[in-house]
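Each of the next two complexes has chain A plus one other chain: chain B in the first, chain C in the second.
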Partner chain A sequence: MRRAGSSRYARVALFVAVVVAVQLATRAAGKEFFLTQLTMSAYYTLVAAGLSLLMGYAGQISLGHAAFFAIGGYATGALTTLDLSARRGEALVAFLERVRVLAARPDPYGGELLAVHPWAACAAALVLAFAVALAIGVPVLKLKGHYLAMATLGFGTIVYSVVLGTSALGAADGIGGVPPFPVAGGLAVGGGRAARVANYYVAWGLVALALLLLVNLVESRVGRALRAIHGAEDAAAAMGVDVARYKLATFVLSAVLAAVGGVFLTHYNAGIGPGESGIMKSVRYVAIVAVGGMGSLWGTVATSAVLTFLSLRGYFGTLDDAVFGAVLVLVMLFSPQGILRLDARAALAAALGRLRRTEASP
Partner chain B sequence: MQTELFFQYLVAGLTYGTIYAVVGVGFNIIYNTTGIINFAQGEFVMLGGMTAVTLAAFVPLPVAIAAAVLLTMLVGALVELTFIRWLGRPTVLRMIVITIGVSIMIREAALVVWGESVRALPYFTGDEVTSLSLWGVHVSPQVLWSLAACVAIVASLWAFFQHTPLGRQMRACASNRDAAALCGVPVRNLVTLSFALSAGIGALAGCVVSPITYTAYNVGTGLAIKGFTVAILGGLGNSTAAVAAGFLVGVLEAFSVSLLPTAYKDAISVAILLAILFVRPSGLFGSAEVARLEARG
Partner chain C sequence: MTALLEVRGVSKRFGGIHAVKDVSFEVREGTVKALIGPNGAGKTTLFNLVSGVFAPDAGTVLFRGEAIQGRPPHRIAARGLSRTFQHIRLFAGMTALENVMVGRHPRTRAGFVAGMLHLPWTWGEERQIEARAREALDFLGIPELADAEATSLSYGQQRAVELARALVSEPELLLLDEPAAGLNMRETVELARLVGRIRERGVTVLVVEHDMGLVMNVSDEVVVLSYGEKIADAEPRAVQKHPEVVRVYLGEEDAA
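Entry: the complex of A and B
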């Protein structure tokens, strides 16, 4: 917006430097096993970054973003583990294998498994997330306030009960045995200690790419239009901003980003469970965006990296959900713009002032 | 479908409908005085049921239920005093996020206190195999207790809002908060009262249906979604319609079990919610004009 273009690239460069520094720090401290959780939190950060665009810039809440993460993860998980080797005789299966959409790999029992290649599965997953977001977004984004919140929450609930209740998707067990995702050369997104450092860089590299896309977007004409919508929707519409189209585009973009996170985390963890689509997960993403600051991409990314990492390492113990709930309430009560923008003294003074006014009024 | 099976589904639907109806009414009470949708509404039902189960081990059942209702009302009032009262006029987004956070904290506190086990109060009369035969249909007396409690709650709320000075003040507050304040209505205290009231009726419903539906620390979210469905279906703010809508959703859900796997049961009422929101956000009984005006506010 008012910043020069070079500063936004400087920030991305700073981000990359921090990513490298963290990796070097874990090596120096002899805690390289931290990289596993840091890699996972990168994929969750993709969801938070997309949601930050939707909530902070377009001003639309979504309490169902975990559903898009799950749609991505489950689609790629189901396609890459669906064994078609018994149906090789069919023309379609043979054709798909010839054009390399299907790929054979050894299964754990010494046999051979013919399933969709991870790249093709990823593409299919993203197209699916795109289509669902479009289909849901058109009617949902006409709603406002409570109605929007409840509709997105409802969408999340439907996806959750479908993945939990469908035996083809593993019901309560989820999908396991998902193969690694070959990136380039011998490098693949998947578990295993040998590729831990490489995987860390792949994951955060993906976040850096997403950030590059998002910062360019918010500093462009589109970003200005989104901020206008957030500020005053009617005024924006009167100035000729196509409000519905911008909202929908933002919603779809954030949904596809969430699905990208879901796809890669599923390959990284070799599986996905129904918990990933739960309401509590969606609320977590909202909490992260709220703490990071509505409309602050960098704040959201930093918060997501830290909170998700702490949560995945189990530092919150059984109070995991409670921590996110408490954080959500405290931030919204005392600093609705996010804690990175909190001026502690001013906030305290304002809170005291409010208290005094409350006491004074009947 | 055989007639007998049909009536069994109907009875099951009405039982669940009771609790949806009461949660929907609870949403309306708070919405009317504040314009807030309290996402922690389902947690009050859970708190009522769980507290009563714990107390019933020490005191007679009616005392346990009364105490549970009072304690939950206290929690409702405390939620308002701690999180809502001093915010002035917060944005809708902020209010949604705060009430969601509160619901998570109540749920997690319940998890710490009661653990993950599923509990239930004893049947008020007889036990789980007792049944009355009404026109050839077997009905558990507890179902009648639930229906009676629902009717009693709605009737006493109606009497309270129509015929007591306090109820009239709350209605004034609902129709125009500023004007009510100018006329000397203690608006802030009435908001606290509305939270306590809606917590109280939720808790009572939670106690009455708990022998049949059971209760656990995590039932609140599902109930909140269904209660909201019901409140929307009836038109936000319209409590009588919410009761009708509650029974409708309960019965539809019960019959859906005969067509679809039980696992999808929750998806049914949510699908109803989405369909209404997309097609007729003013509810089946509400006026479209009101919804349009409210959507702008």
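Entry: the complex of A and C
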């Protein structure tokens, strides 16, 4: 049996408790600089959580999710770093500045820079990711299995080539000088040691919020329908589930979540590079979902937090990508259900049930 | 009595094979109609044409007087037509109860946003879905299987779960695709009784079946298909004596 309604909040509460405990532990150990990588892993975890919904629940693979992360990051990066101060005479620019879609800030050379306000840029980035996911999803989600994997891989390759080849997006250098993202009351998502603890909480708070929404969804009528699609697509359709629409909505939702991660990490790091949209990044997200367990949001989040943190701290050295590749091979060989499968209890109960039944029958 | 389902001149080809040829029949409200015929007669194809899996090349399918041919299966299901599958299609990784709860989909409405926000109005809906699903399991006599992993159940139990899943949406028309396949004698007798009880609930039934005992026992009318064509459409007893049917089932020599 699935977890009952009340325990979903208990799990979120436990998650928040772990987040707080980790922060306190870094302080006690005098390793607060770990918080930087922990904050970054939170934003990558948003991608993994969305992908977990798509792969583990709806049963659809995407080898192109890094592209959505990059679309979010590049969109906010480009919009917040362009300079329109020379075009203030134009009516549209003046209007946008008056309604605060554009905001002025000092540039590093003592001048002034007029660019899109981070909130407006974030909104635009998410709308863009939404639109691209919709445009890609409609044709691509008609495909199944290997074919869907290939098509999403192709999409990821296109986005990677575009950001790498577009000089306006910084080509191989990417975009730098992205301003912090003002949250509230002087707190902003950005680098700098002063706000390190606060940023850690903003990032993981965002993950907690996303998890709350996703866990609610999984436990709802839609969540059951998604698992039904995973289990037997034709039967789900015969039960009245609009399979194509549900797949598309899940794909778009996971893409937007990836873009949210991209937007905030870009502000946090003050920039983004083409590597974020690379194939290896997409493979990495898939590997994380695989280890965490198909159909286990919590397992995915735990895996993402740990593996991404270790990777960002450089513990895997030059074998970084190899580690994720090897993890994928090993999981597929020995435990395709995932290692941290949290409904292992259900599997155990089912096994015990079978045992009881065989004992009962003469 | 009015016709709940009208199949009019329906045809379907797969490549060079004419699987269903100009077939017409009606299913009157409140009755049980059987669709029989030798293997390859086109019974399951006809079923799939009615439930929306395939669109017919020609002909119309009217449900309550409205054309439904060529519409996607989920829309047809939403209109009150529910089905089971010849090869059991339960949702793997879900319990029996959850499988049945999915069956309630056409009668409920919580979408992505309502689900993510766990909006208060969905709570009542969720409770209602679960209550209806448990009722359906009770009706099938398997309430104790609610929490069992559906695909780990015995064949007969899986058939029962599939039936509960089809019934929980309170369909007007229930399509049963070879419900007795793989059942033993005792289970087949129980199935016949169950079809009677389903009909008492006011559900009209169209059943594809091989088991002649079951067909003669439960149905008001029988349509016989052979090589994609309708060769008989009458009461069970009349069908049994129909010379064409006898010929198809027993061979040429007995035709006279």
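Points to keep in mind about this one:
One rule holds for everything that comes next: the second predicted complex is superposed on the first by the 338 of 362 C-alpha atoms of A that agree within 3 Å, B and C clash if a C-alpha of one lies under 4 Å from a C-alpha of the other, contacts with A are read in each partner's own complex, and residues count from 1 in each chain.
Keep in mind that, in the parts below, a contact is a pair of C-beta atoms (placed from the backbone, for glycine too) under 8 Å apart; a residue touches a chain by one contact, two chains touch by 3 or more.
Predicted, not measured: the structure shown is a model, and the values here were computed from it.
Looking at the shared chain after the overlay, A:L214 reaches chain C, while chain B stays out of its contact range. When the two structures are aligned on the shared chain, A:L143 is found in touch with chain B, with no touch to chain C. With both complexes superposed, B is the one of chain B and chain C in contact with more chain A residues. In the superposition on chain A, A:A238 makes contact with chain C only, while chain B stays out of contact range.
Residue contacts after overlaying the shared chain place A:A225 against chain C, while chain B stays out of touching range. Of the two partner chains placed by the overlay, only chain C lies in contact with A:L253; chain B stays clear of it. In the superposition on chain A, contact of A:L92 is made with neither chain B nor chain C. After overlaying the two complexes on the shared chain, residue contacts for A:G295 are found with chain C alone; chain B is out of touch. Counting contacts by the rule stated earlier, residues 354 of chain A appear in both its interface with chain B and its interface with chain C.
On the side of chain A, the complex with chain B involves touching residues 55, 59, 61, 63, 139-140, 142-147, 149-151, 153-155, 157-158, 161-162, 164-166, 171, 279-280, 283, 286-287, 290, 318-319, 321-322, 324-329, 332-333, 336, 354-355, 358, 361-362.
Within the complex formed with chain A, the residues of chain B that make contact are 37, 83, 85-88, 90-94, 96-98, 100-105, 107-109, 111-112, 186, 188, 221, 225, 228-229, 232, 261, 263-267, 270-271, 273-274, 277-278, 281, 295. Those residues of chain C lying in contact with chain A across their complex are 51, 53, 72-74, 77-78, 82-83, 85, 89-95, 97-99, 101-103, 105-106, 108, 110-112, 114-118, 122, 125-126, 129, 147-149, 152, 165, 169.
Interface residues of chain A, counted against chain C in their complex, comprise 1-2, 5, 213-214, 216-217, 220-225, 227-228, 230-232, 234-243, 249, 253, 295, 346, 350, 353-354.
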